[in-house]
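Okay, so subunit A shows up in both of these, paired with subunit B first and subunit C after.
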Partner chain A sequence: MDKNTLMHLDIVESLRTIQDVDLFVRDIDTLSQMLFDLEAKDTSLKQALDLISTESAAKITKLFWEKQLDTNDRTAVTEFLKTLKTSIGQLKIIKLVLAFDPTRKTIENIHKFVEKNIEKGYIFDIEVSEDILGGTIIMFNGKYNDFSLKKSIEDVFKNKREEILKRN
Partner chain B sequence: MNLTPILFLDLAIVISVLILALGLACFYLFRLTRHSRSVVKMKDESVKENAALLNEARIKATRIIDDANSQALDIISKANLFSGASSEVFEKSLSDVSSAQIKEFDKASSNFTALYFRVLQDLKTKNIEMFQNISKNIESDTLKELDNFKDSMEKLTTSSQNEVKKKITTDYESLQKEIEDCKKKKLEEVESQIYEVLERIAKLALGKALSLSEHEALIEKSIEKAKEKGVFE
Partner chain C sequence: MKDFQYYLDSIAEIGFVEKAFGAIVYVTGLPTVKIDEIVLFETGSIGVVQSLTSDLIEVLIFTKESITHGSRVVRTNETFSVPVGMELLGKTIDSFGNPLSKMNPFKKPTKSREINTPNAGIMSRKTIARQLETGIPAVDLIMPIGFGQRELILGDRKTGKTSFLMQTILSQAKQKHICVYAAIGKKRLDIKNLEDFFKKNKVFDQIVLVATGFDDPIGLSYMVPYSAMTISEYFRDEGYDVLLVLDDLTTHAKFYRELALLGKRFPGRNSYPGDIFYAHAKLMERAGNFQTSKGEKAITCLPIAETIQGDLSGYIQTNIMSMTDGHLYFDSDLFAKGRRPAVNPFLSVTRVGRQTQSSLKRSINREILSLFTIAEKMQNFSHFGAELTESSKITLAFNDQVVKFLDQDSSIAIPVNLQIILFSMLWDNLLRRKNIEPVSKDIDKIIEKYNTKPKIKSIIDEIVTKTETLNDMLKIISEKGDILLSLVKD
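On to the complex of A and B.
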């Protein structure tokens, strides 16, 4: 992870899923457009922040304050937002297929587990398929790994077919 | 009007010629009339002659016919007399001949009947002998045929029994094999179905029995396995 990413790690770390990223990037784009649109030349940063989601606005405001950024310096703000977007682009996506629709808390728990056991800088692309019964199918960097309960049961029945049928 | 002498002369000549011609014509007509009258007169005479001749001929013909009639009557009367005599002779002769013929026929008839009965009797005797012989032949032939038929039937029955036995054995073996195959197939199907049912039950039971924390634990375990496999490297 480069310097820029490290610089914005807190705000980037708050992103958990690809949907979070899409929403945040859309807000950054809206903000950039509002600040540098010639017709909206007189729009203040505060007014521009009101136009994006509250959560995104809070995160960006907090970051400006932490980095002691001059909000009147539109060039600096632009550069900052661009760097932020680049940092978000460096996040790695893990596609997970789950047997249930996860709550925010579950996503948080899984994300924490990944941060702890693998590394920071990952987000999830979650798909729900009840067919897999439990566990998860992980797709990363073009690799497909089925760790679902369905696969486990099928393997058991496949490998121990004779044994199962004898018992019956 | 004055006529010239030449013209007068010419006119006189013409008139004279015309008078001459008229005189010639009258003469010719007179002669023609006289000739016609003579011809008519001749015709009348010949007609009268013909009529006399015809009358004479008619009288002669009548006389001839009368003569012929009288002669015919004589002939007929003579013929009737002759005919009556002849009929009596003929009837007598015919009666004699008929009697003689009847007697001959009776005699011939009785001879023929006797001969007929004798021939019939001979035929009857011969036929009875012949039929007796035929019956015997038929009996012997039939017995022989029956024996042959019996032998053939025995052979055929034995052959058929063998064929049927062989066919039954073959069919039985084939059927037994089919049953074995079917049994094996059905057992395989049943085993497969049992297996599928068990698998389905296991999936349903395990899938629905998991709590949220167990799901999360399974996911974390999956991520660990993926890490171990080097998926995130």
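On to the complex of A and C.
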């Protein structure tokens, strides 16, 4: 994983899904734009942070504090936000197809499993399709693995058709 | 081809469309995809992998429908191939071997061949030694073409290039050779006219017409010459001599330029990509005279290149000139003067064609070219308003007679041996003395006699085979000319 990603791993780790990433990136973009405008208007960074979501603002403020960044140095802040955005862009996407709409807790559990068994720095792109009945389809790095209940049932019918028909 | 889900389950690889620029689509994923592999989109569209980078796959698509960002793509583990078989004869197909018109469905052959195959090596090639009869005296006697030769057909629009090719195909098909016509991005009406012409002349069962309309997807048109060459190779391996016409490579180059620019390749001269020469040369190299398991068989390739206002120095035109064994230049000025075919003998070249000729044909060739040169000089001289001598007037009048003999109707194909006899009679002034015109109905009758009376044919063929030079032939004509003429005329 890239050095930049490791640098902001805490904040990056908090992102779980592609929607989280989209929202956070949009907030970074808004903040960057506001900082650009602030140079002319001479207003404070705090006012700019108020314009983005509270969650994102909290994360970014925490980061500023941790990195002991001079918030009055607009160039340094802009550069920092750019690096942060690049780091987020390096997150790897695992596409999951699920039969149900997962709760935040379920997503957390799946994420924990991935972190434990593979590596940190992954996010999920979750698609809900009731057609698969259960289980999941995983698409990652161009690989496609169908662990759905639908596929399992189809396989059973394909391989043991005669046996099933006999029993009936 | 199976459906999307089949490939997804069996190969277990997936890709997603990242960017789409017209016929070029960029895909991520598909970790083990190969160059030239067919990929299938979830919409049912088909594409072929053009190039690979570390994170993106460049795919050329073959459908008119645009592909949207995020569409899913699967590998098929199949390379671009075209169905081949005798069933293709008399069919008009696209680059995939599908019928061009849904009105004429047919059962596709079960065998198929990869479109991009390596060229045959030098060991399997043979010297070009057999003459390909076009049936057109202006070509057979002056600019002969050999079996396996690659001869560029060059000229402005509406200079009779297609008529010449149709005549050549007609002549070859009648000799039971296979002809493959690649019509690249043509008007639908033109394709239909081609088909009708071959059907009318009852030779369509010897012809495969690989065509795409100008409104067909650009990728499909780009692949036409490659498919046509693959089909030609199949027939060659089946033991046939094949005549392949590529109509035309300037249009093909334009399609390739469009694809290359869409693919953001660096534009070179006239915005063509740097590998345009390679793309055409690779294709041309697949033609030639080969030693196959079924004997010496050839793919004679006649690519067409269109010039603009007679400019022979165009980029694509000069490229193809340098990769072919000569070119026939169709001159718009000669066409306007009424010459058919309007082949300019001074600007045309045949590099290997002459080696296929007998010493008699070569001596006729020399005499005609020298007559043309003298007549040209005299005509230039007469432009100064100088009074011409009697001998000059005779030479010019004789030149007119020869030109008249070489100008034949596009529906007439004269067998080469008959061309030689008729030319010798003309050279000897016999035709003039007997008041026979070397064109139209008189010629029709003579050709019919030659083709229908085996005895007359064998006499003429024997005379031509046994004669070494034009002088010897003229001697024979002066001795037996009258009898020969009465044989073929009455």
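Just so we're on the same page, the second predicted complex is superposed on the first by the 164 of 168 C-alpha atoms of A that agree within 3 Å, B and C clash if a C-alpha of one lies under 4 Å from a C-alpha of the other, contacts with A are read in each partner's own complex, and residues count from 1 in each chain.
By our rule, a contact is a pair of C-beta atoms (placed from the backbone, for glycine too) under 8 Å apart; a residue touches a chain by one contact, two chains touch by 3 or more.
Everything quoted here is computed from the prediction, not taken from an experiment.
Visitor: Touch check for A:D22: first (subunit B), second (subunit C), both, or neither?
Guide: After superposing on A, A:D22 lies clear of both subunit B and subunit C.
Visitor: Just subunit B (first), just subunit C (second), both, or neither: which does A:E127 touch?
Guide: After superposition on chain A, A:E127 lies in contact with neither partner.
Visitor: Does subunit C touch more residues of subunit A than subunit B does, or is it the other way round?
Guide: Between subunit B and subunit C, B touches the greater number of residues in subunit A.
Visitor: Which partner does A:F100 reach: the first (subunit B), the second (subunit C), both, or neither?
Guide: Once the two structures are laid over each other on A, A:F100 reaches subunit B alone.
Visitor: Between subunit B (first) and subunit C (second), which does A:E108 come into contact with in this model arrangement: first, second, both, or neither?
Guide: Once the two structures are laid over each other on A, A:E108 reaches no partner at all.
Visitor: With both complexes overlaid on chain A, does A:N145 touch subunit B (first), subunit C (second), both or neither?
Guide: Both: A:N145 reaches subunit B and subunit C.
Visitor: So in the superposed three-chain picture, is A:D73 touching just subunit B, just subunit C, both, or none of them (first/second/both/neither)?
Guide: neither
Visitor: Check the residue A:D50 against both partner chains and state whether it touches subunit B (first), subunit C (second), both, or neither.
Guide: So A:D50 meets neither subunit B nor subunit C here.
Visitor: Subunit A residues touched by both subunit B and subunit C?
Guide: Shared contact residues on subunit A: 141, 143, 145.
Visitor: Would you pull the subunit A residues touching subunit C in the complex into a rising list?
Guide: Its residues touching subunit C are 139, 141-146, 151.
Visitor: Could you pull out which subunit C residues touch subunit A in their complex?
Guide: Residues 8-9, 12-15, 28-31 of subunit C touch subunit A in their complex.
Visitor: For subunit B, which residues are in contact with subunit A within the complex?
Guide: Against subunit A, subunit B makes touches at 191, 194-195, 198-199, 202-203, 206-207, 210, 212, 214-216, 218-227, 229, 231-232.
Visitor: Note which residues of subunit A are touching subunit B in the complex, please.
Guide: Contacts found on subunit A: 94, 96, 98-100, 106, 109-110, 113-114, 117-119, 130, 133-136, 138, 140-141, 143, 145, 147-150, 153-154, 157, 161, 164-165, 168.
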